[in-house]
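Listed next: structures, encoded as structure tokens.
In the two complexes that follow, subunit A is the common piece, with subunit B as its partner first and subunit C second.
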Partner chain A sequence: MEKEKISNIQLGLMMYLMIGGTSILVVPSFTAMYAKQDMWLSPIIGSVFGFLCVGLAWIMNRYYPGETIICHLNRVFGKWLGSVLGFMLLFFQIDAIGLITREYAEFIVQAFLSQTPLTVIIGSIVATSSFAVRSGVEVIGRFAMIFAPIFFLFVAAIFLFLLPEYNVLNMLPVFGMGVLPSLKGSLEPAVWFMEFLLITSFYPSVRKGDKGVKGGLFAVFLMMLTMVITNFTCLFLFGETTANLTFPFLSASRYISISDFFSHVEAIVMALWILGGFVQISMWYYSLSLNLAEWLNIKDYRPLVFPVGLLISVFSIWVAKNFQQMLHYFPTGGTGSSVIVLVLVPLLLVAVAWLRRKISS
Partner chain B sequence: MNNDSESAISPRLTENLDRIKALYADSYDVVFHHLQCGEKAAAVIYLTGLTDSDQLNQFVLEPALRKMKDQEGGLGALCECLPVSSFAKAATLDQLIMEIGNGNPVLLMEDEDQALSFSLAKWEKRSITEPEAESVVRGPREGFVETLIDNVSLIRRKLKTPALKMKSMRIGRYSQTEVVIAYLNDIVDPALIKEIEARLGRIDVDGILESGNIEELIEDNPYSPFPQMQTTERPDVVAANLLEGRAAVLVEGTPIVLVMPTSIFTFLHSPEDYYQRYYIGSAIRWLRYLFSLIALIGPSFYVAVVTFHQEMIPTTLLLNMTKSREQIPFPALVEALLMEITFEALREAGVRLPKQIGSAVSIVGALVIGQAAIAAGLVSSPMVMVVAITGIASFLIPHFTLGITIRLLRFPMMLLAGTLGFFGLMMGFALILTHLFSLRSFGVPYTSFATVTHWNQLKDVSVRAPFWKMNRRPKTGFWNRYRQGSHQRPGPPDGGNKT
Partner chain C sequence: MRLLRKFGMTCFLLCILPLIGGCWDRTEVNDLGLIMAAGLDLAENGNVELSVQVFTPNQSSGEGGSNSLMGGGSGGNNSIIVQSATGTDFADAAAKLQEQMPRKVFWGHGEVFIFGEKLARQGILNQMDFIFRHPQPRERAYVFVSKGDAKEILKIIPKVERDVAETLREMAILPFGMGVSLKDLSEMLTGRSKAAVVPLVDKRVEPEGNTFPYITGAAVLKDGKLTGTFGDKVKRETQLIRNKLKRTNVTFPVSGNRGKDEGMMTVRIVKGRTSLIPVIRGHSWSIIVRFDAEASILQNETRVNVTKPQELRGVEEQLNKEIEKRVAETFRLIQRETGADIFGASDAFWRKYPKVWLKEQRRWDEIFPNVNVRTESRVKILSPGFSGKSYK
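On to the complex of A and B.
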């Protein structure tokens, strides 16, 4: 097991970045697709899943402290079923991290480096992250400590700098179509919030005496706030046309122009985004390597880092033929698999574990 | 070396002398002086260049010959009649050889299995001068010298407490260099001292000629480009660090003292920050942080903007830049590398040359080559400006050891920026940060403030907080937390604000 320790606040900020980066990229347009002018409500509804997943992970951690979810599965469901479910989780993880990497790479290629082959970008991100992952959870924690506040501040700054451009009437009528559209729209941010379940990989590294669950809940709250801010920005600026934009928040940042001098900041936006994405990928990468090591019964995850990196690079190319296909996957297959692996299985896990404890006592 | 029984001094004088003579064969500067001490034969052995022969004659030889003429008795009686303040008894030949090597004359006597050594070493040394690499406008002007004992005394003069410990050890098979670990007993973490001793004890090399040799043999990560120990030639800096619970390693023969553990921010602080008003100290610190970032990514930022992200430049400036870059045959990356390498070469030439010629080189380099390169259409004028600013930025880093690291890292950053734009720059940045975050200096994280929320420590990193606000020591001295009384904030006398 990992011996390096992180603090509660580090855990919170790490989890924030683990979910944060990509959510800002594509969530506004997906929510706008279903929720229309009520899109700002959807993250608030969706965040319920975040709180639920953090809670479930914490309960399991209390039952079996110091262990990751793969161990939990083995303990609760027995060796065979546990291994099968563990493999399912691993497969989901590698698929998801491939998607995330691809998303970043596509974003960079489309927005900035149109001549650069996708594989070069993917390769450099994965290579850089692999060094951070090998350095351990402490290093990622320090990254999060510095970049999470910057990340949040820059989201808030974009929101503030665009104040003169807003058309507040875009948000009317509230509940114009009833509650259903915002509920439908909340399914998309909910997928991101479900990913908070992966906090299980980091609970064992939290310092003794620090209650990890606090950090996790704080992260969910901060994430919700961020999504609401980005959705508001897009709503006020673009209205319902947000749904037609690929990266609405980036497009929004292009509108920033303060006294003709402070304009065209999107390159800086990208720079910060990449650093956020770097932490995000490192987190997922770390979680996957750790879980795989547990699944294979290997004491140290470090020898697995480079092979896993290769897998990630390959998966990020396999995951979709092109960008349109990938975008199509999010609200369809992505939602289903996330619900199964990140909500239903853990719910079952906690329920069975609870029953077992009841029976044995 | 010999084992104990072989190395013991025998009661027969001639046997001892033969053995020492065999060791010092073919060394013309070793003097064997025979004398008759009363009834017994004796010999004084010393190295001519290292021993104060006047004092030896006056305080050892003359009294020994005169007073012992009619007296009986051996070394004990001799000790009592010699007017020398400091002498030691040596029982083995190894000790004897070491004393001779240090420049202390030794006296051997017939029928005695011990020898006397007198602290009469004296050699030419540099006087204490202002440290050149770390000059300050306000602050003490004295710097360390090459003589260990003078350096020790400089620290002792600043910290008069008996808690100031100076542990000595010898390192180097042939050089037998004396190395001293200095620390404040009440404040330092005892584990740190143990660790330093263990690491120094592991060293088994031919010779230690400078503290840099030691630094390279005891650091945590030998592959890191970053310095993991602070180096200084200022006694006030060493004293301040000892007071914050760190330890110092002094090495005979060099004015450079190692201080450990350290963090990257120490290299961006100057002792003067603490001597000036704290507003000024804080502002200058921020300036340094900003410019050390420019020193690292200045040219690469420019290359990335010019090559990939032209939209960031305001339009009028962009037009001017395009105009000036029109006749340049190279891409921005090549241009930048050309200029940066030339700049580094000029700097190196200026450092190695005598001072008077050095300034000439920099004038030729800065003015003539810069102007001529623009006129010849080799580089554009914005690039010259960027390189010049970067050069100045790298001189703003107060510690040379970090400055040189940042200058080196600038080159891979330029390559990344030239090939992948901001994305490459950020990846390079992430790699450097990953390394910095995992780096440790004697077990203490190199970027320690980022690990845990130590607001206390941030006080001395983000700004230079006033002294009366910094009541706690940094984390290194955590078990002796408070370094001053809690009400240090000055103000007018009581009631002064009422009248």
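On to the complex of A and C.
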């Protein structure tokens, strides 16, 4: 297992950034599509899944301390079934990280560097992340420690700078069309919250004596807060037109103008995106490499880092033909596969593990 | 071995060095033609003519600053050029324009978009799509409809500000002016009422040769088509109903105080706040426009002693009556002449009566012209100004 250790706070901030980056840009638009003026409620409802997934990961960690989810699967379901489920998880992870990398690159190409080839942006971020991953979890942890607060502050700053422009009435009527739209809208943020299950890859690295569950729950809460803030920003500023914007939060940041001289600050969102994207991709990358090493029964994950990086780059190209297809994937296939791999399988895992312990004792 | 690794690393880093500069998207400032303002007019055969005001950065260095200070009459600022191109739509015209220009067209600084009256009558939705879709134009750019051709407005060389774009932008952000940003317009066009109100600009030629653009009124768009243009008063009252008017002056007649004091009085209104209160009773839909503000007296042509609290009450009452009358008149005028809900009444109904709204929303175009309006002005006069009694 890894010798490097991270603290509880680092764990929380890492998990926050692991989910954070991509959520601020696309979640407002998706939730607005279904939940309309109740879009701010959706992340709160969706966060239930985050708390659930952290809980599941924590229970498994208590049952079998110091092991990752691949080991858990092998132990609980036996070698064959465990390996199959483990492969499923790995496949889900490579697909998801491909999607995340693609999302990261698409945003940069769409919004800022329109002439630059996608592959160059993908290649450069994957290369950078691969060095971070090779340096181990401690490095990513420290990076998160520095940048997660900045990330949150930037999000809060954009919300505050737009205060004079807000039309608070946009949030009325609450539950104008019943509860259903906001429940539907919560499905999208829920997908992001489900990803908190991957905290299992980091629990073994948390320093002993720390209560790891707190770090995870803190991250879920912070993420929920961030999503509520971004959704409120878009709702108060754009109202229901949010659904029609590709990157509502970027558009919102472009609207900032204080006293006619403090304006044109969308570069902040770009910086935010690159910071968040880097940690997010590194975390997923690390988790994938670690799980893959475990699955293949290799002691050290480091030799796998570069090959996995190549796979990630290739998958990020394969995952969608174009931007529309990528966006279309989230509310359709993305939701389904996340529910299966990140919620149902772990639930089953915990249930069977619990039964086994019951029987053996 | 270690040395080799170091060497390899260095080579690798050197290799990625050219990449991190982002060379594909390298843009030099002196290769850019910054679009400051753009105007669209209807051309022959249903084409559109795009006219833009281009700012070319390096030409302005040196004399640019002094030139605008001195405000040389005929020459004006030579770094600002108006150029036009014709195409089947906005994007096509923009491409043609690019072909005419040695510099790369950059929309990121475009702060003013003007639609000519003729084009606006035909509908602006198709052309707006380009502005919304293109990544460069900013959500805070302001939209206007011009009386006559938009090109004529762009050609003006104003004396007070640097150029037309700056003039119109400044006018749009004044607290008593009227500005509709791209964001506001998209909200109005896609909102429940599908109606929008946009400031109307015109050109004024003074006999002494001073020519300047100014906001003369409001243009009402229904489903993206211009359905009516209204004057200055309607513009002000519309802004008031939409809760966009923070400051204004109101001149109103004062009469009846002991039968002899007749004349005009003007107050300056600040901190204006309007709320629309919808009421549905059976089949009758009505709306209450409530206006709260503070006022101070600006000019007094009557014998009323404005320093006396007891006399002030009557003045306040007459002021509120005047505002109520004007607001109701404007509301009814827009209802009658355009049938376009530019006040956000539909949103107000939806917020208070979501269930009824969902049932009746298809009929909104029939309902709106028959909505009863009641106005409640609650302006308080808080100060007599720096002078006490009038000089009568």
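Please note the rule applied: the second predicted complex is superposed on the first by the 361 of 361 C-alpha atoms of A that agree within 3 Å, B and C clash if a C-alpha of one lies under 4 Å from a C-alpha of the other, contacts with A are read in each partner's own complex, and residues count from 1 in each chain.
Basically, a contact is a pair of C-beta atoms (placed from the backbone, for glycine too) under 8 Å apart; a residue touches a chain by one contact, two chains touch by 3 or more.
These numbers were taken from a predicted model, which means no experiment stands behind them.
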Task: Check whether subunit B or subunit C contacts more residues of subunit A in the superposed model.
output: B
- prompt: After superposition on the shared chain, which partner residues are touched by A:7: those of subunit B (first), subunit C (second), both, or neither?
  reply: first
Task: Quick one: classify A:32 as touching subunit B (first), subunit C (second), both or neither.
output: neither
- request: Identify the partner contact of A:89: answer first if only subunit B is touched, second if only subunit C is, both if each is, neither if none is.
  value: neither
Query: Which holds for A:113: it touches subunit B only (first), subunit C only (second), both, or neither?
result: both
Task: Report for A:142: first if it touches subunit B alone, second if subunit C alone, otherwise both or neither.
output: first
Field: subunit B versus subunit C as contact partner of A:251, first or second or both or neither
entry: second
- request: Identify the partner contact of A:124: answer first if only subunit B is touched, second if only subunit C is, both if each is, neither if none is.
  value: both
- prompt: Taking the two structures together, which residues of subunit A meet both subunit B and subunit C?
  reply: 112-113, 116, 120, 124, 260, 263
Statement: Within their complex, subunit B touches subunit A through residues 305, 308-309, 311-312, 314, 420-427, 429-431, 433-435, 437-438, 445, 447, 450-453
Task: Would you pull the subunit A residues touching subunit C in the complex into a rising list?
output: 110-117, 120, 124, 127, 169, 172-173, 176-177, 237-241, 244, 251, 254-255, 257, 260, 263
Message: Give the list of subunit A residues in touch with subunit B in this complex.
response: 7, 9, 108, 112-113, 116, 120-121, 124-125, 128, 131-132, 135-136, 138-139, 141-143, 145-146, 260-261, 263-268, 270-271, 274-275, 278
Message: Under the stated contact criterion, what part of subunit C meets subunit A in this complex?
response: 16, 19-20, 22, 24-25, 135, 138-140, 173, 181, 183, 186-187, 190-191, 347, 350-352, 354, 358
